[in-house]
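Presented below are the structures under discussion, each in the form of structure tokens.
You will see chain A twice below: alongside chain B first, and alongside chain C after that.
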Partner chain A sequence: MRAYLLKRIVQGIITVWFIASATFVAMHNVPGDPLMDEKATTEEIRKNLMQKYGLDKSLFEQYIIYLKNMSQGDFGISFTQQNRQVNDIIREHFPVSAALGILAITFAAFGGILWGALTALYRNRLPDIVIMFLVILGVSVPSFVFAALGQLSIVSVNNLVGFSLIPVAGWGTIWHMLVPSMVLGMSTMAYLTRLMRSSMLEVVNTDYIRTAKSKGLPATQIFLQHQLRNAVLPVITVLGPAIAAITTGGFVVEMVFAIPGLGRYFVEAVQQLDYTVIMGTTVFYGAFLVFMVIIVDVIYGFIDPRVRVG
Partner chain B sequence: MTENSYRAQAGDFNPIIADHRIQGISRPSLSYWQDAWLRLKANARAMVSLYIVIALLFFTIAGPYIWTVDPAFQDLDQVSQPPNIDRKATLIKPYPIWDGSTGTVDVKDSETLYLAQAANTESVRLLWHVMPGAEGYRLYRNIFPFEQGQSMGLPLFTTFSPQNRLFEDLLDLTPRTFYYTLVALNATGQETSEVVNIAVEVQRVLTIEQAVSKGLVDSAEEVDVGDVVYLKLHPMGTDYLGRDMLARLMYGARISLFIGIFAPLIFVSFGVLYGSTAGFMGGKIDQVLMRFSDFVVALPFLLFMILFKIAFGIGPGESGVMPMLIAMVVLSWPSTARLVRGQILQIREEGYIAASRLLGAKSRYLIMRHMIPNTMGVILVTITFAVPSAIFTEAFLSFIGMGVAPPTPSWGSMCFEGIKTMLTHPHELIFPALLISITVLAFNLLGDGLRDALDAKMRSRE
Partner chain C sequence: MKPDAPSDALLQVEDLHVEFDTYGGIVQAVRGVSFDVHPGKTLAIVGESGCGKSVTVQSIMGLIPMPPGRITRGSASLKGINILNNTFINGVDIRGNEIGMIFQDPMTSLNPTMTIGKQIGETLTVHRGYTQKQAYARAIELLDMTRIPEASKRASQYPFEFSGGMLQRAMIAVALACEPSILIADEPTTALDVTIQAQILDLMKDLQSETNMSIILITHDLGVVARMADDVLVMYAGQVVESGSAAQIFYDSAHPYTLGLKTAMPSNTNEQVQKLTPIEGSPPDLFAPPLGCAYAARCPHVMQVCRSQPIKQSFTLADGHQSACWLHHAQCESTTPGLFKKQSGGQT
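Moving on, here comes the complex of A and B:
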């Protein structure tokens, strides 16, 4: 187990290095340069500024400095907001995105498992047909439409009760998070429901279910202890990529609901060409995702020992 | 005659006449593709989806030749109009400057605030009688009926001379009901509780000159004042700049479907080449190639789509479609490569490959003749499922303002523009969102059908 973990972590570090390098290369191909806004500067001031940011050095030297800073967790200072460190920006905005993401993934995972199990239980009957229809709708409708519909339904609920029960936008309380996280988790939930359904149907035909039946176990016990527990396994494997999809998919939801998360900040930074913030956020997200996938895999290794061998 | 006494005769060695009635093939033999097609035809959902996809392609390719409206043309008479609106406009003489006289309308002494002339989109001419204790007046215009305590709308006009009792509203008039509210002001210029209001039904009018310059009538001689002309038809309404929604949806479909279909085609082809090379070579090369694809998979997809987009840059007048296509190809190929490699590894061990190799087949031949055709089903299914996700990505990026550059319509950017006016003009969001949903739904269902038809292993257990 330890060797497996070590191997995964080393792989993860190399992957993060690759992400950082790709970010560096991409950012150095951006047309224009970071000092483009300072149009009124003389050649001398420009030179001094270049020196201050280390932009006068060769590309390779810049790359080495960049990697060194990144490895020490120093993402530099924002170009547009001179008094703010990128680390501070991430520290301030990431928890918001993370809280939203965690709520969304919880919602998606529990919803997906529940609906998936229900469809398998009522296979080819009305609940199955209705849920699968909703699932197809869930993967076919873009998230911003769900976000718009979510906001509309908040407004109508508020109108119905006569006071502002759920805030329409913004951030602060658990009430602010409720609808955005549902919207965010929607497509993942649809996907997980589909996966759970086929996984449940696969498990039904296994020998151990037949054995359990022939032992005379009650149907509920077979369903809960044998079928459900085994069917959940494949769902857990896709949680890693699902977390990735949800955390980066937060852009739209954060924009529509005016949530001060890192995704929205990233989009703003891109619009203002805030180089350090873009690079820092990308590398941070990349590292976060890589290690989330590792954590999910390790947890999976505990739940299902067979994967550790492979 | 005993057993041993049989003697062979010459006739015994003649070939038996084959009885074709017994040996005949009862059904025509089916190739893999014919079989798949039959299975697909039996799947009603997949067939409906296929027809929808064909209809969408027709809409995209042939549509602009049938509905030849310029998607960039701004019809400023009809801004943000929902579909099926009344397009009637009455022709009038050019409007002279108003001298405050009342025209044809009878002055009603019973009402404090009244119209001087029939209200139309050129001007609304209001007059009012003296209000008790008024030292000045302020006029408001609203699109909602007057309600005590609620906003009275847009302040149009304020005067501090009680003699001044007329106003001509020329501001952005549209054919609808406007609610004007007149508030009396006291000597210090504060609003008093003296309020009168009037609901004004505004009629759409055009001068003959305007009608000619907009191309609604051929020449000024043909028509006369008082005639009714019809404004340009917009079957799906117009957007916030008065551009025809149907034409924009058709051109937007070109962008969305271009990315949605070509990006998957390119990256799946690349993934097939990459994956089959890795799977076929095996060993060290396979390891290196697949490790590299693992790295690419680890790149956060949307973040890098945005990064690549700004790295490529969009010059003036460019739509930014190609950078998006390239970024999508660069980031999306590994999943196909992995899938194809798995398939190739499996096929490599099959008996017919060994047989072919024994007969002297070269690697290239083996890949092209045996391996790729045998993975074709899986590849086709992958492409079908990649289309909706590519359309989604385009829509998503355009929606956060990182996609196609503004003058070029795409379904995603139309949604982005439409969501701002979601409450007042829902059609600007609904139509593009509906098209995205239908397209994605159709490709998803078609993909399900193709998977069931083509791939025995992945067949969903239903």
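Moving on, here comes the complex of A and C:
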């Protein structure tokens, strides 16, 4: 297990380095530069700014400097937001995105496993048909539609009770997080429901479930200890990429609900070619996702003994 | 159907009928099977694939999924108590407690994410009220009993760390955990190689003599039957065609199907170097079983009556030896006189 973990961490570091390099190359190949707008009015000012931010050096030199600073955890200063450290931006806004993402993924995972198990138990009966219809909606309707619908229903609920029970937008309390995280986790939950359903149906026909029945075990024990644990394995496998989808895909939901998350800064930075912010947020997101995938692998090892020992 | 049922029978199955609803129609998988299992004895059920062997024992165990399965007629009683369709009253106690079962493929028959020890102990916690700790300790003893070396270490391992033969031993330990009176072995050695086969069969025999349990052994291997069985039931197309003691079935075979199976089996005697004789054709479609004898289409001794008259009765040929074939009828004149015995003491 330790050797396995070490291997995964080394792989992760290489992945992050690759992400950083690819972003760097892509970023510098986009036409224009961060000083194109009204700030650099004269050639002289432009030159000074270039010098200040190190943009007059060769691309390779810049790359080396970036990597060196990055390995020390320093992402530099934002080009467009005066005197603001990229590290500060991340430190300030990532916890917001992370809280939202964690809530969303929890919602998606538990919901997906629960609904999936339920549809398998009621296979081809009414609950199955209704849930599977909703799942198709959940997979195919984009999140901004759900976000708008979510706000609309919040307004309706607030009108009904007569006061502002759930805030429509903004950030601060658990009430602010509730609806955005549901919206954010919706498509993942729908996907996990489908996966869980097929996995449950596969497991129920296996020989070891027949053995469990022949042992005369109570149905709940067969369901919980023999069926569920084996059926949940494929769901956990996709949880890593699902976390990726949720945390990086959060910016639409953040926009609609006016949540001060990192996603908004990321998008704005790309629009304004804010080199340091782009690099910082991309590499940070990359490292975060690699970390989450490793975490999922470790969890997987706990549930499936074949991975742990093999 | 049956002769006077001996009162010492542990398990009595009478006129069992099982059907399955499928997209193609209703499959009549078992069509009137009766047999007795006696304490401490081994009953072998033989027959080719799809003849209803497994369905018969699975319906006794309540393992038939309903729907699509359905027991339409018949009864099965263990120690005089009806156990068919009775899973909620007695079923929980019978499965795993009174009857243990092992299956064909040990590689897939155990839960891959649970330790062997826990899987063995589970029945003890459920049926005997053991604590987890007691059950685990007993599981180690059971593994030891099935001759798995280093049982205490093995109990903490997972199925993927075991070989096929070891897994089947572990399965036997699972099945015997609650000291059942009957062990049902559904083709227990089919997935194993020959040397392991012999070890598993020896183990089953030894454990039988230690615990005096009965064994219902399902197989299509006549060699296994000869090695293990006290009584034999030959099944064809969901029906019993011949039943009797192992000696009667092997040395005094009466039904043409049993004779066919015997000639299709390789022999190692020197003079018999001729080719094996297969049984031509294939079993009938159980969506619409033939009107007469199910074996008529493949039988070398087929008569006119075989195709038109359903053979609803067995003929008793000797004490405990029965065969369901018109050739045993008193009025029948066979083309090969002397090959087929006539019934003794009238039809039953």
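The rule is simple: the second predicted complex is superposed on the first by the 299 of 310 C-alpha atoms of A that agree within 3 Å, B and C clash if a C-alpha of one lies under 4 Å from a C-alpha of the other, contacts with A are read in each partner's own complex, and residues count from 1 in each chain.
Assume a residue touches a chain if its C-beta (ideal position, glycine included) is under 8 Å from a C-beta of that chain, and two chains touch if they have at least 3 such contacts.
This is a predicted model, so every value here is computed, not measured.
Superposition of the two complexes onto chain A shows chain B and chain C fitting side by side, with no clash. The vertex angle at chain A, taken between the C-alpha centres of chain B and chain C once both structures are aligned on chain A, is 100 degrees to the nearest 10. Of the two partner chains placed around the shared chain by superposition, chain C is the only one that A:305 touches, whereas chain B remains out of contact. Once the two complexes are overlaid on the shared chain, A:206 sits against chain C while remaining clear of chain B. Once chain A of one complex is fitted onto chain A of the other, the partner contacts of A:198 are limited to chain B, with no touch recorded for chain C. Legend: residue contacts after superposition of the two complexes on their common chain; A:189 is shown touching neither chain B nor chain C. By the touch criterion defined above, A:226 reaches chain C but does not reach chain B.
In the superposition on chain A, A:214 makes contact with chain C only, not with chain B.
When the two complexes are overlaid on their common chain A, residue A:15 makes contact with chain B while staying clear of chain C. By the touch criterion defined above, A:278 lies against chain B but remains apart from chain C after alignment on the C-alpha atoms of chain A.
For chain A, the partner touching the most residues, choosing from chain B and chain C, is B. Closest C-alpha contact of chain B with chain C, superposed model: 13 Å. Counting contacts as defined above, no chain A residue meets chain B in one complex and chain C in the other.
Those residues of chain C whose C-beta lies close enough to touch chain A in the complex are 61-63, 91-97, 100-101, 103, 105, 108-115, 122-123, 126-127, 158, 160-161, 171, 174-175.
Across the complex, chain B is touched by residues 11, 14-15, 18-19, 22-23, 26-27, 29-31, 124, 136-137, 139-145, 148, 152, 198, 201-202, 244, 248-249, 251-252, 255-256, 266-267, 270-271, 273, 278, 281-282, 285-286, 289-290, 293 of chain A.
Against chain C, in their complex, chain A makes its touches with residues 206-208, 210-218, 221, 225-226, 229-230, 233, 303-306, 309. Across the complex, chain B meets chain A through its residues 294-295, 298-304, 306-308, 310-313, 388, 392, 395-396, 399-402, 412, 415-416, 419, 422, 429, 433, 436-438, 440-441, 444-445, 460-462.
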